[in-house]
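Before I ask anything, here is the structure I am working with.
We just call them A, B, C and D in the order they show up, numbering each chain from 1.
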Amino acid sequence: MKLKNTLNFGLIGYKFMGKAHSNALAKLGMFFDNGILVNKTAICGRDEQGVLEAAKRFGWQSYETSWEKLIARDDIDAIDITAPSNAHKDIAIAAVRAGKHIFCEKPLALTLSDARIMLDEAKKAGVRHQIGFNYRFAPAIMLAKKLISEGKLGKIFHFRGFYLQDWIIDPDFPLVWRLDKNVCGSGSHGDLGAHLIDMAHFLVGDFDRVIGMNKTFVKSRPIVEKMSGLSGVAADDAPRGDVMVDDATIFMGEFKNGALGSIEATRFASGNKNAMSFEINGEKGSIKFEVERINELKYYCADDESGLEGFRTIQVTQDIHPYAGAWWPVGHVLGYEHTFVHELYEFTNAIKNQTDCVPSFEDGVKCSQVLDAVDLSICNGAWVKVDDL
Amino acid sequence: MKLKNTLNFGLIGYKFMGKAHSNALAKLGMFFDNGILVNKTAICGRDEQGVLEAAKRFGWQSYETSWEKLIARDDIDAIDITAPSNAHKDIAIAAVRAGKHIFCEKPLALTLSDARIMLDEAKKAGVRHQIGFNYRFAPAIMLAKKLISEGKLGKIFHFRGFYLQDWIIDPDFPLVWRLDKNVCGSGSHGDLGAHLIDMAHFLVGDFDRVIGMNKTFVKSRPIVEKMSGLSGVAADDAPRGDVMVDDATIFMGEFKNGALGSIEATRFASGNKNAMSFEINGEKGSIKFEVERINELKYYCADDESGLEGFRTIQVTQDIHPYAGAWWPVGHVLGYEHTFVHELYEFTNAIKNQTDCVPSFEDGVKCSQVLDAVDLSICNGAWVKVDDL
Amino acid sequence: MKLKNTLNFGLIGYKFMGKAHSNALAKLGMFFDNGILVNKTAICGRDEQGVLEAAKRFGWQSYETSWEKLIARDDIDAIDITAPSNAHKDIAIAAVRAGKHIFCEKPLALTLSDARIMLDEAKKAGVRHQIGFNYRFAPAIMLAKKLISEGKLGKIFHFRGFYLQDWIIDPDFPLVWRLDKNVCGSGSHGDLGAHLIDMAHFLVGDFDRVIGMNKTFVKSRPIVEKMSGLSGVAADDAPRGDVMVDDATIFMGEFKNGALGSIEATRFASGNKNAMSFEINGEKGSIKFEVERINELKYYCADDESGLEGFRTIQVTQDIHPYAGAWWPVGHVLGYEHTFVHELYEFTNAIKNQTDCVPSFEDGVKCSQVLDAVDLSICNGAWVKVDDL
Amino acid sequence: MKLKNTLNFGLIGYKFMGKAHSNALAKLGMFFDNGILVNKTAICGRDEQGVLEAAKRFGWQSYETSWEKLIARDDIDAIDITAPSNAHKDIAIAAVRAGKHIFCEKPLALTLSDARIMLDEAKKAGVRHQIGFNYRFAPAIMLAKKLISEGKLGKIFHFRGFYLQDWIIDPDFPLVWRLDKNVCGSGSHGDLGAHLIDMAHFLVGDFDRVIGMNKTFVKSRPIVEKMSGLSGVAADDAPRGDVMVDDATIFMGEFKNGALGSIEATRFASGNKNAMSFEINGEKGSIKFEVERINELKYYCADDESGLEGFRTIQVTQDIHPYAGAWWPVGHVLGYEHTFVHELYEFTNAIKNQTDCVPSFEDGVKCSQVLDAVDLSICNGAWVKVDDL
């Protein structure tokens, strides 16, 4: 019999995201305390050797090679999905039907309709459901949210966001799974743009209408033989396959509150490694954020003494900053992985307090809606009302 | 009788731009020498007291209160137009018909068709014609051009440019001439966006198709009583007039060479004073530029030794850098005004060498074409092929 | 019976540093693999309730309230000391005499002579001994070391380092243990300056002679009632005690290789939270580092193509960068805490391979020697040859 | 007969500084108006061809080849000395004895005693005397002064300044006049350090005691054949001469108000072109400045709302900022040369208003005193009380 305050996790996937979640769950109990004891009960992956090794390495108490089996286990309270995107739907639906709370990596699904089904099922099941928009949980972003909520920026006029990478510029970089439409649904748009869309939703509000453009700069690539992390190896004489996803997607739009937004996602921005950044301009101030300097928030306060206004570089590592107090003394910086600890902490909070998760599958659906609206606008060469989808 | 190597300037306008050009002409001879002696022969403005004072202050040998008279003078070789945009066309046509070389501030005209007429007249007259896209002449931009021309960025994938200001956020800021459609043709789009369009033309190439959006956040403003610089004063109980120009215009497009571009111009970006910036990403490298740090060019070279790649901050003040050697020792920085010295220096070079000016009215027309294409795309809510205009 | 490749740790201390080490040991096995299984066997602290809680929270298998008992345990292979500085000596000597490998937080001891005794004992015992100069283990620093070792900077001319904090500017900030000479030996000098001295040793070489100055800006402070992290609380009417340590220490010196160095440590630099930074200038290039942007190394290569030289911002997160490949994809940044994982990983490597630890107690002694030489130079108002101590 | 409000300048020197002053005097009347009409009456240099050309190029009405003659002219009101440092003393004394107001480039003289004689003579003559510490006149520095004067930083704890260049690292760079002790008095110390000493005086106050170290990294260099700007050319087989000046000087000290200071000047800091920078930390805030980003002042206000504190990047180009309103609209940046316009504007103000110049020869003497005190401390290997000199 389970103890009252224990929460047993079953994690699906053990690669990049699986590692990030395993690490986060391990650190949760070390640095945060909401009275819940998180257990890393079981990890799941198709390759037995791989998942066994991952279980040992990341400290999971057991493993499964079938997600169906994992979900069927009585001793699992929550399912955490980090499997490839095309597997999200089936797993999530099965999990919620089995009464498990569910945490699912973004994007929720490959299509908006699938995402909606997932949301409906989760609601019907009455479980907690959260989506992995981890960047919300950087202390700097939570501080930005606080500033905006308190009215410190006033009415918002602009959101401009960029997610720039450069890892597939080489035309001989192989056709890895992240470039496979069947696995990922889209390329830079769903992988990178999705984070910015969620950021815009979180900080500014809903889009009213959008129009986009995209491009696949490299139209065919060598078929991959063996994946390794996000990269992979192709034989020298590997046949080339068509790239079916976008290398870059840019769109602009109007928010329901009247602000203008533009979002660009690309894997062809030489010199940019993981350069997610955005700026928000409001009547009373502005903020800027770059994820590669994740501990910093730039803030301009138009009400500063005249002549002394300027963007401040706030180092968001003070005890009073969101989540920061749980870690190290001021100025001792956090990294990318801490966002996962924070999001999973909130997941356990929501389960404990029986409150809605934020961001929930609903936010996942909203993101998919914009992703699809942009794609439709590209097909049609015309503006799309987001609510029409 | 004029000496052989003398070039007599007649300048129209003595406010912000008139001051910038007067200063530039004064410095030209101090810092550059192409064998031409530039004379500040006459300055012209409608208000006699104002123009007389300007003439004395800026060292002009004479003044006129009518541009027709100025153009009629035999002792003037070149007309330099810094008058408001709505006056450009008539002056320019009269000047070139009188055989004067002509330098005209941007935008060339309020409409594309007017711009085309101006170009035709200038060509017919066989005079040198240049347009004031001064930012091209920052040493950092000329260095960027060199890098791109030499193939250091390889094939270009992306241009993203921003021109952000914040001077009219206050809804009670008066309806100054820069906000008057009849005088300026447009708002942020023609004033700010035009610079970036030209930058894109200069560094990347021609646009194939564009689509835009714009917004006037503040729909009415107090009617101005008295202008002062770019600002002005309105009475406390001043009636409000409709704002007919855009506060912000954003557009995206595809270049003919396949690169993607996005350009945003806004006067509602709190904390940004004159923040023109852009980034260009190519196959082999990238560059970034911010006009408020006009002496710096950021350059990423993908061919740098593996593990040591990174955006370099090049301080473009070495003797071997474009124009820099004419000024101060390395590291002794230049400012905004130096771009005007450089562009007028090139103007005198073109006159001396009987070569085409760069940028010429042709570039002015091309810029107007894109400006208009964007406006049309906004009206129609649909993509516009630039060459269709 | 212990398995062959197991290494059982006993950790002394569970506050800031104890937390950092516990976390690091937990992550070691998740992200690094040298064939050694690290066990968090026992944690030790004087307060039973506190240490019990820490044991549970940080995943230690057992706990002790006496370090003597901990050291006496057969099942402990290595002792890791994060207790206050004044306790280092006794613990370390006892530990090495008991044949335990030893990892000790900096500073090694309160005085040079104590440090030397510790080193001698460790050598005599034949155990592995390492000191916790964790900043060496930032990937950016290891990259800097590599650059310098490969001769990329050429002959070194300058090292200038700063460790700036601002947490005790308020004259009513209480007299916490970090300000207690009996516990810490010194103030900013030993706490902050020590890191920079080690950095200089690591990257440039040994000091030949030094001269310093220091200051205690606030001469008395309220006596603390209750510590909390690095801060504490004093009663409103708390009596004030004399501050016996330096608020700031600045020194300059010459290295044995002829380079010049200057190092400043202060807790009175408003706005600076944990601002350790340094710059090294050599014949062929320079580097700059700021610990608050721990993922970045600035590198200037004088051999870059003429006119294109500039400090590069290298994001040290590529797979080929030191330690980075063990973590996340490029651009997904690390934080402060990762330096502890790396240093403990190297500790286990040294134990496994029976090689000397780097940095060892010898480096701790060398650091103490410079610390003491500076203090002596301050007493005497004259230069001190470091080797004279 | 001269008109009442005319001020006739005689300038000695036409190289780097002569050019900077000529340009500044030309711009003075264009951008500033204090009722005084500045005439560029005569320029003086030993080489007739050179000075004639300079006169034409920079718009001087006449020229002289002997400074004695220049000083003897009745139509000259003020003498502006930009000749090499070893010529300052004789010229200045003759000029003030002839009743001319005097502006003298830094350093005032090669030795403290000479500087004192110059000051005495100027005082005795009752003329206005100013020294060319031009960096004070960057708008950002004047804003810093204002902040400090208003108490915005509170009690000052630290000043740390750096003037880093890299132009003579090559051991075959020739022995130009800037490296000649007879002409310049010292190397980096007097050339670069002097600016920082003055900055410290201006913003923090007087030094009480100092101690320094210096180094000549390259002990002999090829004897120069022909100077060109700050550089020069030596024959391939040129004999080498001993370098008698310092390549780098570092010193630290205590201010009379209790603040600690450190100043480093070097020409061996690879990658740094003209990198003068400093930081000042006070009880209530801090500022940072870099002259290569001359339009920016970084300001930290400890009183900002808790959790929102951070260094602000103030762009000092607003109308209300010192001098900025005379130039361009906000965000249109100034450069190095504008500091000369401002300082000469203040010189004419002092003459007009019969007030003391700031900085005067007195400030020049104070700077020399610190320069000498540092040199003495280096000779003696011991602290020197500045007032003892």
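Things worth noting here:
Following the convention adopted for this analysis, a contact is a pair of C-beta atoms (placed from the backbone, for glycine too) under 8 Å apart; a residue touches a chain by one contact, two chains touch by 3 or more.
If you're wondering where the values come from, they're calculated on a predicted model, not measured in any experiment.
Contact with subunit A and subunit C alike is made by B, D. Summarising the inter-chain layout, the chain whose CA centre lies farthest from the centre of subunit D is A. One finds 35 Å separating the Cα centroids of subunit B and subunit D. Inter-chain spacing, taken between the CA centroids of subunit A and subunit B, is 42 Å. Rounded to a whole number, the gap between the C-alpha centres of subunit A and subunit D is 54 angstrom. Subunit A has residues 272, 309-311, 315, 318 in contact with two or more other chains. Residue ranges on subunit D touching subunit B, taken from their complex, read 16, 19-20, 22-23, 26-27, 29-31, 33, 57-59, 165, 167, 229-230, 272-275, 291-295, 315, 317-318, 327-338.
Note for the complex: subunit D touches subunit A at residues 143, 147, 298-299, 301, 304, 306-315, 318, 320-321. Within the complex formed with subunit B, the residues of subunit A that make contact are 153, 157-158, 160, 162, 164, 166, 169, 211, 213, 215, 217, 248, 250-254, 258, 260, 262, 264, 266, 268-272, 279, 281-286, 300, 302, 309-311, 381-383.
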